[in-house]
Each structure stands twice: as structure tokens, then as C-alpha cells.
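Look for chain A in each of the two complexes below; its partner is chain B in the first and chain C in the second.
Right after this comes the complex of A and B.
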């Protein structure tokens, strides 16, 4: 079997102390570490070596963590085809792993590895040095078997960065743990998020909601008929952003230049044609189509996105948390098909559209059972970890 | 058929900020190629743009100084096109939500009447890299210099309010003066800090038609803009009269042949909102704070020069056309120099001398205080004009006070009538012929005699006193 690692760090654990002292973290090669190969899983970045550390990396090291290497990833982290995300955790080669979440990748990778997966609020973690594809949707996700480790990592990396002005000026949330009182906590269940589940997954999700109910949480059924629009909006807006974002991969300064071009345009077409895999290539084509031919549809998607963001914020002002299934049950299908990809991520893409924090919590009843996604209002990341901690303890028979 | 031109201008102005628009690299495009670059302006993987506060401030001041309305919300878009001067495949520009809308510049039209020309909007954008095409042996190569990539620009887009080359040229001159006053840019077409594209169409005079326009580029002086527009109007008129259609395209001005040449079909790529640069939100309070930083503008200053210093309208406009000159002018008057003396000596002596030495008025060693000390000696008749010009040359060479130079060179003017008396008598004796000419009514002879006395004094005599004494003596003798 191939190594799950794309690059193994030659460095040993630092002994400088700090809250993450002794925590071994795997990253993906789309997070810049100076002098590490950083190809984001794409031939378009072949041989590219990062010049500077990403802010994330700087902060992890300052907190005492050691980076053990980068794991194999899908092209630009879009989808999980070819990705080994999560395996470093399940094989205990790392205590935590950073996985870019563009459509729900960190959460589905966590589900594969039966560990916790956390997608922070958009804007909480600096993007400086992260090689992305869909800037307004993606956020660095965290995988770990331990919620406490996740909390320490989040504490270390979150907050404003003078190298990324897009982080909000809002106050950094308080990450210290607080007790959860089920009697005063309402959890919403989105009816439309269960429609596509197959029988087994549907039963497992119902059982999880029943567990919450038994633990004393108030459960409220909520309807959001527009839920399927999340994937559509993500698909259109995401492909447009990706098309622009990948415009820089021209084979001039790194990547593979295909010989035989007679002029700059030909060099560009040949090299780009050879650089991208089928899924990313279709996605970039689609984005260029919306940019050049159907700008009106893109504008509509942006308008619908703004409305969906508002509606989800409204829902989360009525309940404290939402609970959703994570795994849609759609079969793997054609790895090059955009439609198939969105079918697989149909239950996770919403949070990339809204920027809300989501915690994937594995099932307490067994590794073969699907877990759930828990959603909180934007920047309530710590409260989500509190809830997750409460539920895990409860599942182990504590509380 | 008589045609009338409809002209709109798109003016790129490079802001004189210390850094580029989205990174901390120095904004010095002229340095050794590819020395002012970083992962962000090369758009290497993982780069994140950081909008420069200084650029937003300087661009906002420019908008306010042109009477434009700063928008409470503006944002950057991606202008998508693929070319080697653009390492990320799109240019960051404000296509949908510009920094400001509206604005006017008033010019004097051909008939001498004031005419208001409207600005449609002003937006910010980044400059692109510079391509240098060379030969390597026998194969052509293109080199890319990224020093200019990401330099902060504003683009001023006018309404199609112009009908003549004169209007366009006057607009550009007025705009340049105002922006220099505001201090946001040097606005020099010659060194590329102001670049002008003209959109020109023609229509039968008196109709309101808006016909297909042609874009003309590559003019590197305001005069060339006028010439290119004039050429393009006659070219299009001839084409239309010959029954040809005008098509949308770009033409380049050839300053040697004085013609415009077709360059390429105009490609308009899509513009999509950029998700990485934060939206710019300007509060009313911030906008007012910016407004309070605006300096006195040229038109206000010219009015003040008329009211306060008694200049004519024309003189006042002339003295206020360059912010450095007018600041220096104000400073001289503050030091007690009479406005007309200050105007005369500043524009005919100091300014040319500063230019000759490739200095700037703001930084020359001949500070207003030193120059005023010199002019004060002149007005007190302590030195004469010739000596003043000599001393001025020496003021550039060191930091001595003008009084010291005058003393050291013995330039102090002799105004004592007793001291001059003997000299004059000597000259009169020598120049009996000139004296006779004068007596015969030849006024020229007086000037000749004054010159002789000046010579006898070694240039130090006060010509005014000589004239008085001479008149007295010759009058008395007649």
C-alpha cells in the first residue's frame, strides 16, 4: 500500500513547550511550510516549494506542535478522490490533521476515519499561505480523535492576522470550555436534510436525534424548503471562483510546461490542458462558462446565497444548534463528474455557503454507524465544541 | 455633411504611495527589474492580497478634490484576461462598485467661457507588469518586469462630454493641476504616471446619436492627445463619407507619423466580484476627515491671489497652476516680499535656475527664507538686479546667507550721492560727445552715460541714484 504521506517532515518534535507540546499534526500539501513541497495535489503546482510558512503553521509551531508531514490529497482538495485525509488519525500516526474544507471534505474525511472533524467559522482562521480553489467557501478544517486537542488547536490558530485582512474585526471568541445544560438547549432538525438518505442512514440519524431527546435536549423540527439550493449555489459560485483562482497556473514559474508551443497562448493551452485532472478541468470550464456566457445566472446565485445566509442565521436564532446527517448515501459514481461530487456533498456544502461552524461527531454506537453534523451560529465555534464534548461523554455512558 | 465628435476620456493616474496596492513592496516601478517583488505581487500559491490604507486614502483625496461623491461601499472585481503581464489571469479593479461617482472639472473653452466637464466615476485598480520585447540572437524574447505589477492606480472615467481636442487638452491640464495640488500623484504623461485613452465617435452635427467608438491609446503628452483626437475625427469623418462603417476597435497613436493605426479588436473580458479583497466601507465621518485634509485647490487659490495680492486674473491663474510654485510664492510674500517682485523673480529667475539644476522648488537649497533675504536687499536698494542674479547663482552652491555673499563679493550697492558725485563728474568730462547728444535731445545718451558710471563703479553703483544725479547735473549745466 502507498504511503498515506505525500511528504514526511525530517524535523523532530520541538521541545519549546506550549499548549500543543507533544501534539503531532499532519497537514496537506496545500498549506505552505517554507521549503516543503506544496503542490496542492495538482500537477499545475508540480515542483512548487513554499517560500514562507502559512500563518496557521507559524501559530501551530509557536504553540509547540510538531508537524509530521503532509498527506496525499485530491486535486486542490476538491472532493476526496485520491485523498488519504483522516488515515493518519485512524492509524495513530498523527494526533490531528488539517484538511481544507471546500464542500465538506474535512467532515466526510472524519466520517471515513470515524474521528471528529471540525470546520471553523469562515474568517476565524487565516488563509495566508493556504493554497485554495474557492476563496469564499473554503476554510481549513481540523480532524482529531480528541475534541480537547481540536479546542487547543483552534485556540492557537484562530484570530486576526495582519497578513489576511479578511478576518473580521469582531472580538475573538472565548474558547474556554463551558458546561452544557440540555434542559435549556434547543436543537433544531432540518426536515429537508433527511430527504435523500437511504433506509439505514435514515434510521441511524433518527436514533441520534432520539438520543439527544433522551438526554434532555429540546428538539425542534424546522423546515427549510430551499435546502437543495445550497448545493446549486455552491456549484455555480464555487466554479466561477475556481476558474479565476486557477488562472494563475500558467506553467511559467512552476508546474509542468509542455514543449512544442509556438506562442504564449499555445503554451498556456497545452500546459493547462495537461495540468488539471478531469474533475477540476470540468469545474474550471463550468466556471468560465458562467463568467463569459451566463453572468446573469452567477449573479442570481450570489443573490440566492445572500438570502440563504440570512435564512440560516434566522434559524439559528430560534434554536441553539442544528443537527444534520453528514453522509448523503450517494454512491461514489464517476470521479470526474461534478454532479456526482455535489450529490456526495449535498449535506455538507451548506456550511461552506453560509460560513457557519460545523462539528462532525462520530457515532457513539460504532465505527460503522454514520455520525452527525452539529451546526452553531457563526463565531460560536467554542460552544459547538462544548456540545460535542457533552454528547461524547454522554455516549460513553458518563454524565 | 458636417460631423461633430463625441469624446470620452479614460485616465489612469498612478498614485505616489510608498507601497503597492496589495502588498508592502516599494512602489518604485523604475528600479532595477524585478527587485520590488514578493510572493503576493507575483501571486504565488497561498498569496493573500492586503489592501493598502495609504492607497485608499490617496485615491479618496483625489476623488474629493475632483468634486466626486465617495461611495460608502466599494469593492474589487476580477477583470479576467490571460496575458503574460498578469500573473494571476485577472486584474483587480473596481468594475461594479467604484470608489466614487460623479465629479466635475471646469475648463475655459475655445470662446473663453467656463465649461463644466463631468466625470462618470473613479475607481481603483492595480497596474500590471511591464513587458520588454528584445532579441536574443535571432529569436525574439519577451521579458517581464514585475516591479510595476500591483502599483496603485486610479482610473478616472469621464462622461462623453467632449467635442473638441481643445476641451480634452484643457481638461487634462486642469486635472493634472488639481491632482498635483491634492498630492496624490505627479500626473506626468511623459513619465507614465498619467496615461490617457480617448474614446472617439462622430455623428452628424446637431443629432444626439451615440455611434460606435474607437479607442485611441499610446499618447505620451497632452499635446499628443489633442493631435490624436484631431486626426481620429478627420479619419472617421472621411471613412463615413466614403460609406465605410466605423468598427469598435483600438488604435495606437504614432507620434512620428502623426497618425493612428489599428491595433486589435477590443476584447472585453468578464468582471466577477473578487472574494479575497474585503469590501471597502467608508463612514461619513471618515469621508469628512479626508475632506478636511484637502489643501486649497487651484481655483480658490487664484481667487485669493487676486483678492489678497492684487494680481490680475491671468497672473493669478498662472501663479496657481503649479502647487510648488504657488506654495513658494506664498512663502516669499510671507517673508515680506512685494507680490509683484516675488512673482517676477520667482518665475523668471528662480524657477528656471531650479529646473536647470534638476532640482525641485520644494527641495532646493535656495529656500524661501534665503531667497527672500536676497530680494529684500534688492528692494532696499542695497544691491542692484545684476548683483542679485549673481548672488542667486551662489546661493545654489552653499549655505551662506545672501548678506554674507554680498559682503564677500563687494556687491553692496553705492547709493551715497557724495561717493557717486566724483565718479559722475569724471564720466561727464570723458564723454563730452554723449553729453552733447543728450543736450541735442537724444534720450538714448542718458542710458549710455548711466552705463559708463556703472562701469566706473565696478557695477556697484545704484542706477536709480545715478540717473537722478545725472539729470540734476546735466539739467543744471544746460
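Right after this comes the complex of A and C.
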């Protein structure tokens, strides 16, 4: 098997001081590091070398982290086909990884590697210098075996960035740890999120909820009948944004030029036709379809999105956290198809639509058992890490 | 009363007093004097005041009058009466009359006009709003209202009168008005053609005429002898403030004539046209050869309303010690100057040196300017010490210098630079010093133009067009030096520094025509291809002939002394060649282009995504510019049918919520330390990842095939 790394940094960067001193971080080649090859897994950016550091990278370096390289990724990070995310951690080549989360990729990669995976609140982390595909949903996810490392990374990278025009003007929440008292904490369980689980996964999830109950957390069954609409909204909005976003790959400034074009239009058709793989190309065609032929579908999806955001906010005002499984176990059998992708990510895509922070926590009982996703209200990222820390300690028999 | 009995507002006179009249027109302005309502009623002929008095008119008529607003279209009938002494209005033609209304009909109401149409104050001594302050594009957008304004109406009426005068005069001289086609072939006028695609013959185009040049010559060969036309011409030229993409020219051609016939004809015609505007021109018009005009004014369209003629002083400095002049003369240059009589008070040393010599003259293209002021019987200047007493004395005599005069001189190795710069200075000074007499008109014929110009590549091109007759026929078509000295039988009519028109005696001898083409370096094959049909006509006994074309928009504008030619055109384009009224030029539907065979300008037979009933995969492939291979189609078919389902599901599930595009709206941010439109990265960096680079630029495929 080829290397999990797409690029390894030659410099053995001995980091200076800082909270992340000695922390070895692997990124993906969709995050710009000056002079590193940065093709975001696509021929559309073949041979592209980043010209400057992403804000994320600047901040990690300032905090003392060292970047050891970038791991192989799926095209634009959409889905996990061809991605080696998580492996650097399981092979102890890195202490943490940055994995763009468009549909739930960071959480499922963490599940694969049986480590913690964290998708921060939408809008908390700068995306300047990150090659994206679905601007209103994607977010840089963090993988690590250690929740404390995750917290330190989040502290280092979160916050406003003058170079990222897409960031909201919100105040940065407090990231310092606080103890969790199970007696005053309610965890909601989404009934609809278990419907698709197969027998083994269902049992494992029930066991996890039982553990929470036993630890003293109040458990409340919550119903969100519209849960299946998250995938619908994600597919329509995501494909439209992707189609729009991919417009910049023109084979002029970067990427591959396919020779033989007689004119400008043919240059686009040929080069862009060859630039995208089957999954992304299908997605771009769907996006073009919604943009140019069924714009009403995009507007309708945005209306449903507004409703779902409201419903999620409502639920998270009734409970402190939500718990739900991460791995659906479903598959259409064709890993390059959009249907398959949304089947695999049916339990994770919700958070990209509504912007909540999600922590994937591996199972305490064994690496072959799937873990759970814990969800908190937007910008309550630190509380989510507090909860995760509490549960991990508890699983190790502490507390 | 019926329309047949209608009389015109502006034509009422004291003789009509006591008559009952029917008037029709628009409400120009109104005044309400507590029950007594005065209205200015305007039709094309002018304005008359109409009065609604409760003592005369029924109450519902008075109520109707009170509801009238500007630009309502009405008819009224009533009795003409003389105004009371002291209430006359000198602003309008009928100011000593008014009509006492008994009946009123509102024919149509009007929205409030976007600008004031009324130009005539209702009472003596009052001011009324003009259109000067209204944006021209707004006037053009509502041109139909703009031409209700008396001043615009007067312009259009005067234009009509001038055109009528042209027709009557030329008819009386035996000229026939004959129309020539507007859909035609491209002609060799030198500007860009407007093209009209042919539907019947796809990919073939008609050209709109830049002038009827070839047709009028063919009419001469056709024996029509004397022809004229008020022809619409079209030139796709770069935008200039006083230029229209289409314009009207008076096109004239006559057989068996010479230059004197045309000078006589056109002078008489010009005198009559200007007389319509109340301007008396004296005949005969002045004449200058091209060489004289350049020598004395630096322009082939000299403004002769004022003096400031050039004086050549090259010979006075043949042995000068002033090194700048000496070097210029050694390089074959020349020195010319102007005596600005009696202006030394307004042209101080400071103005001459710091404004003219340092700023203005370099911007005109010369390296420097020499100036001298005559005071106390002496010439003074910053460099006067470099000249000998003899030279200064010779200058005084040559320029006829008196105290208070200012001399300016330009010296340069190039005759073209000297005349061009001094010509621009001449106009600049005349405007600055205000020495151009207002209301004066100085027509002049410019004759003996060069037949050819240097084409910059060792050959020659026609100065006018290749059918212009040369002054002599015994030239050697291979001798470029001789060709450049040849003069033509062309002439321009210039008025106040503007070219009103021009023309020439044409070549009517086919062997001479061949010689001209040979001089232009055109092979027989090329000439056949370019002018074949036209030259063939010269094989059938062409008569000697010549003619001229006058720009009528410009001529009318000059006669009426309007600030732009748009003021004398009913529906002109604006300065950007756009018609704000109709929105022309505009995009057309793809269907229309397809019908004309114009969709394939990119080199394909039909652009994908534009054909009717086209496969949607091809359409989406085109609009998103992503090419597809045949084997990808089934997969794309599948994802699009899934997208169909998603769209229906979304339509089912969507509620009334406002669409939400993001969960956290972006804040306003400025990138610190960046410059708009400019990357902080170097060009090398930006080009580093490009797949194809040429020199310092991204290399791309051509826009068209």
C-alpha cells in the first residue's frame, strides 16, 4: 500500500514554545502551507503549490505545533473515498490531524481510526487558505487521541480573521475546561437517528446510552420527524455551492490544461471535463441542474434549512446535549455515487446543515465498537469537550 | 366646432379679435387667480393665453380648467380678445391677445413630466426654466416630451426649412433626388461598417453605407448627369462627443463639370442655407491650397475668423549663434512664429514661460517654445541675449512688431511638428484671449490636397479614396517620392475650423485608374476582388464627373449655433452611441441569432446548450463548461433523475420560512494592508502554478477559433 502521506515536510521543525509545543500535526493537502503541494485531492489543482500559509497554519505554528505533512484525501475532501484521514494517528505518525468536515468526514474518519473527532461550530475557525467546496457547511475538523490536545488546537485556531470574509462577527467563546455535573445535565436521544441502524450497531448505541444513564445523566427521548430532510437539504444546497465554487478551476491559473482546444470555450470544456472525478462531477452536474433548471429547488432547500435550524435550536434548548450514533453502516454498494455518500453520512450531515459543534467519541468498550456523536448548541464547543472528557474518564473507570 | 375649423395658437393676430376659434394643444403652464384661471396653450405653431372666467364659462368648464395640469392635451373654443393694456406678455408671439374660453374638452391627461417642458414665462419679466440643467440622457429618454419644448421644436422646424431649401435649389439647377440602397456592399471609405446579417444567405452580410460613393458614380455612368440625395450614412467609428453612428449627408454628383461648377453651386447653396438661419455669407468664398493652409495655420481646416497666421522666419537665422536654432536648422528644420498683436499685458513673462513654454507646448508635442515681448521699442525675453541685433531687427520687420506685441516661435527639425504645435497654440491662444468674434462665419475652400500619404511601410495609401483624380496623369506609379508630391483634385469646404464637407473630381479614365491602383500596390486580382463590379462600369463610356458631400447635421447645427449636433436631430444617439429612448443597441434572443446562422461565432456549428430541445446533460455540460465523455452519460442521467426527485421532495416539504443561506451571516471585514485589485503576491508567484505561461502572462486559448 502506498504511503498515507501525500506530502511529508522535509523540515524537522523543532517548534518553539507555546501550548502546542511538541504536538505533531498532519493536515490534508487542501490546507495551504507555503511551498507545499496543495491539490485538494483533485486534478483541478494538479501541481498547485500553495503561495502562502492558511490562517489555521499560521496560528498552529504560533502556538508551537509542528506540521509533519499532509495525508491523502478524497477529491476536495468530499466523502472518504481515497482518503487516509485518521491513519496518521492510529499509526502514531501524528498527534492530531486536521480533516475538512463537509458532510461528517472528520467524524467518520475518527470512527475509522477509533480516536476523537471534533467538528467545531460553523464560523468559529477561519477558512482562509483552505480549499473548500461547500462554503456554507464545511468546517475544519480536528482528530486526536487526546481531548486536551483537541482543546488546545481549538483555542489556538478559533476566532476572527481579517482575511476570511465569510466569518461572522461573533464573540469567541471561553474554551477553558469546566467540570460536568451529570445530576444537572440532560442528554437527548434522537429517536429518528436510530431508525437506519443495523442490529449490532443498534445494540452498541443502546449500550452507550445506558452508560450515560448509569453515569447519572438524565436521558430524554427526543423526536425530530424531519431528520431525513437533513440529507435532502445538504444534497441540494451542497451541490449548488459546489458547482458555484468549482467555477474557479479554469485551467488558466492552475490545474491541468488539456491540449487541442480550438477556442476559449473548448479549453474550458476539455480541461474542466478532465479535472473532476466521477463523484464530484456528478455532484457538480446536480448543482448545475439546481442552479440553471430548478432554482426553486435551491430556494426550497434553503427554506427547509431555516426550519431545521430552528428545530435543532429548539431541541437544544430542552436538553444540554444530544447523543446520536455516527456510523449508519448503510451503503448503496457503489462507493463513487452520491446516493452511497449520503447513505454513509446520513447520521452526520445534520450538523453541517445547522452548524452545531459535534464531538465523535470512540467507544470505551473496544475499537471494533462504533462510538457516538455528542452535539451541543452552536458556540458551546468547550462544554462539548468538557462532556467528552467526563465520559472518557468515566469509561476508564475513573471519576 | 370641428377640427377642420381649428386655428393655430401661434398664428392668432389682432385681426382675429372678436372671432370665435377652436384651439387644440397642450397645457404649457397655468396660473389661478382666485377663480380666474390663465393657461398657456401650446401647439406646434406657438403659445396663446387662454382664460377661464366664471363670468363667461359655465361652472363645470371652470372646474375642468382648475383640474388641468402641465402637458394635458386639450381643445378649447372661445372668443379672441385684446389683452388689457399693461398685461401683455412679450415672451410669446401672441402676447397682446388672449382667448376667453367657453368650452373645454380634455383629450388626454398627462403624468407629471420628468422635466419642465414649458419655456415661456406667463408674465412679462419672469424667468422660465430651460432644459439646460436637465441631464441629456433624461431628455433623450423622453425625447417626445423634449421636442415639445419650443427651442427643440424651432430646431426641427429650421432643419426642415434648410432641407427644403436644399431640395428647391438643387431642383432648380436640374438635380434629381435619387435614392440609393441602405443594404449594400462594404465600400472603401476607411471607417468600420455596420453589418446586417442575411437570413436567406447565412453567414453573409450586407453593409450599411458609409456614403453612397459608388452608387452616385454609377448614376453618373448611368447618364443621370446631376444627382443629389439627403442620404443617411453609417460609420462604426470610435466615440467622439459630436459624432453620431448614423448621420445625414447631402450627397451631390454631377457630370461634365469641373471644380468651378461645384464651387459656384455649393457656395450658392451654402449662402441660401445659412440665410434660413438669418446668417448672410459673402461670396465668393476664400480659397487656400492645402499647403497654404498648413503653412499659415497648421491645419487643413483652418479657422479664419481671426488672424494669428504663421510667419516663417527660418531664413532669418541661417547663421545664428543661438545653438538650439542652429542645431535645428542644421538638421533641415524650420522656425515659424505668430505675432499676437497688442496682448503683452495679458501674456506676461510668467504666463509665457511657466504656462506655455513649460506645460502647454510640451503637451502639444514640441520640445520648447521661444517667446518675445515688445516693450519700449525693444524685444525682451529670457533668451534675447543669445540673438544678434541684426536678427532681432529682422524679426521686428518680419513680424511687423509694435510695442505691446507678443511673438511666439516654434523651432523643430520636423515641419509637421512645427505646424501642428503652432496650429494648436493658435487655437489655444484665440480661445484664451477671446479674440474669436461671436456670430462671424468664415467659409473657405481648401484645395490641392496630397493625393497619397506615406503608409509607413515604404508605400503609399490614398488620402481621400482611390477614385479621386490626380492633378496630372504623367506620374510614375513606382516612384514613391514623386507620388507623395502629387496633388489631387479634391476640395473641402471648411467653416470656422470645421469641415462641412468635401469631394473631388473623379477619375473617369480606366487606364488612369489602373495606374492609381498600381501606385497603391494593388494587383489586378486584388482590385477585381475589391472593386470589380464598379470598375467594370468604367468599361462602358463613363463621363467626366465629380461631386461633394456635406454633413447636414453639422451644417444645421452650425447655422442654428447649437451646442451639439444632437440638438438638431429628432432622435439622436447619446455620446456612448446608445439611444436612451429605445435602449438600442440591445441583446437579441438566441433564437434570432440561430435563425441568422450567427450562433456559431465560436467555431462550432451549434453551441451546445443553445439548440432547441437539446439534451439536458449537454445543456448542463455547456453552462458549467464541464466536458463529458459518452461513457459518463448513463451515470449523469442517473444523478439528474435523482436530482429531479430531490427537487420534488423539496417542493413538497418547503414551508413559508424565509430561505436561509448560512447559519452565521458574514460580518463586514476589510483585508488590512491590501490594495484593491492588486495581489500582494509577485507576478512570478502567481504564474508559478499555471499550466501554460507565455512571457509574463497566463497563456490561454483564443476567444474565437
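We take it that the second predicted complex is superposed on the first by the 396 of 399 C-alpha atoms of A that agree within 3 Å, B and C clash if a C-alpha of one lies under 4 Å from a C-alpha of the other, contacts with A are read in each partner's own complex, and residues count from 1 in each chain.
Assume contacts are C-beta pairs under 8 Å (C-beta built on N, C-alpha and C of every residue); 3 or more make two chains touch, one makes a residue touch a chain.
Every value quoted in this text rests on a predicted model; they were computed, and no experiment measured them.
S.K.: Is this a clash or a fit when chain B and chain C both end up on chain A?
M.R.: After superposition on chain A, chain B vs chain C: clash.
S.K.: Of chain B and chain C, which one contacts the greater number of residues in chain A?
M.R.: Greater contact footprint in residues on chain A: C.
S.K.: Should A:166 be classified as contacting the first partner (chain B), the second (chain C), both, or neither?
M.R.: In the superposition, A:166 touches chain B and chain C alike.
S.K.: Which of the two partners, first being chain B and second being chain C, lies in contact with A:175: first, second, both, or neither?
M.R.: Touch status of A:175: no partner.
S.K.: For A:232 in the superposed arrangement: first (chain B), second (chain C), both or neither?
M.R.: Second partner only.
S.K.: Looking at the overlay, does A:284 come into contact with chain B only (first), chain C only (second), both, or neither?
M.R.: second
S.K.: On the A-aligned overlay, A:268 touches which partner chain: chain B = first, chain C = second, or both, or neither?
M.R.: In the superposed model, A:268 contacts both chain B and chain C.
S.K.: In the overlay, answer first, second, both or neither for which of chain B and chain C A:300 touches.
M.R.: Only chain C; A:300 stays clear of chain B.
S.K.: Considering 19-27, 235-243 or 451-459, which region of chain C has C-alpha atoms that clash with chain B after the structures are aligned on chain A?
M.R.: 235-243
S.K.: Going by the contact definition given at the top, which residues of chain A touch chain B in one complex and chain C in the other?
M.R.: 48, 51-52, 136, 162-166, 243, 247, 252-253, 264-265, 268, 292, 302
S.K.: List the residues on chain C that touch chain A in their complex, please.
M.R.: 602-603, 607, 616-617, 619-629, 632, 635-636, 639-640, 642-644, 646-647, 649-651, 653-672, 681, 685-686, 688-692, 698, 700-705
S.K.: Considering the complex alone, what residue numbers of chain A touch chain B?
M.R.: Those in contact with chain B are residues 32, 38, 40, 45, 48, 50-52, 54, 126-131, 135-136, 162-166, 240-241, 243-244, 246-248, 250, 252-253, 264-265, 268, 291-292, 295, 298, 302.
S.K.: Can you check the complex and tell me which residues of chain B touch chain A?
M.R.: Checking each residue of chain B against chain A gives 39, 42-46, 48, 50-51, 78, 80, 82, 84, 87-90, 142, 269-270, 272-278.
S.K.: Which of the residues in chain A end up touching chain C in this complex?
M.R.: Result: residues 47-49, 51-52, 122-123, 136, 160, 162-170, 226, 229, 232-233, 235-236, 239, 243, 247, 251-257, 261-270, 272-276, 278, 281-290, 292-294, 296-297, 299-307, 309-310, 337-339, 354-355, 378 of chain A touch chain C.
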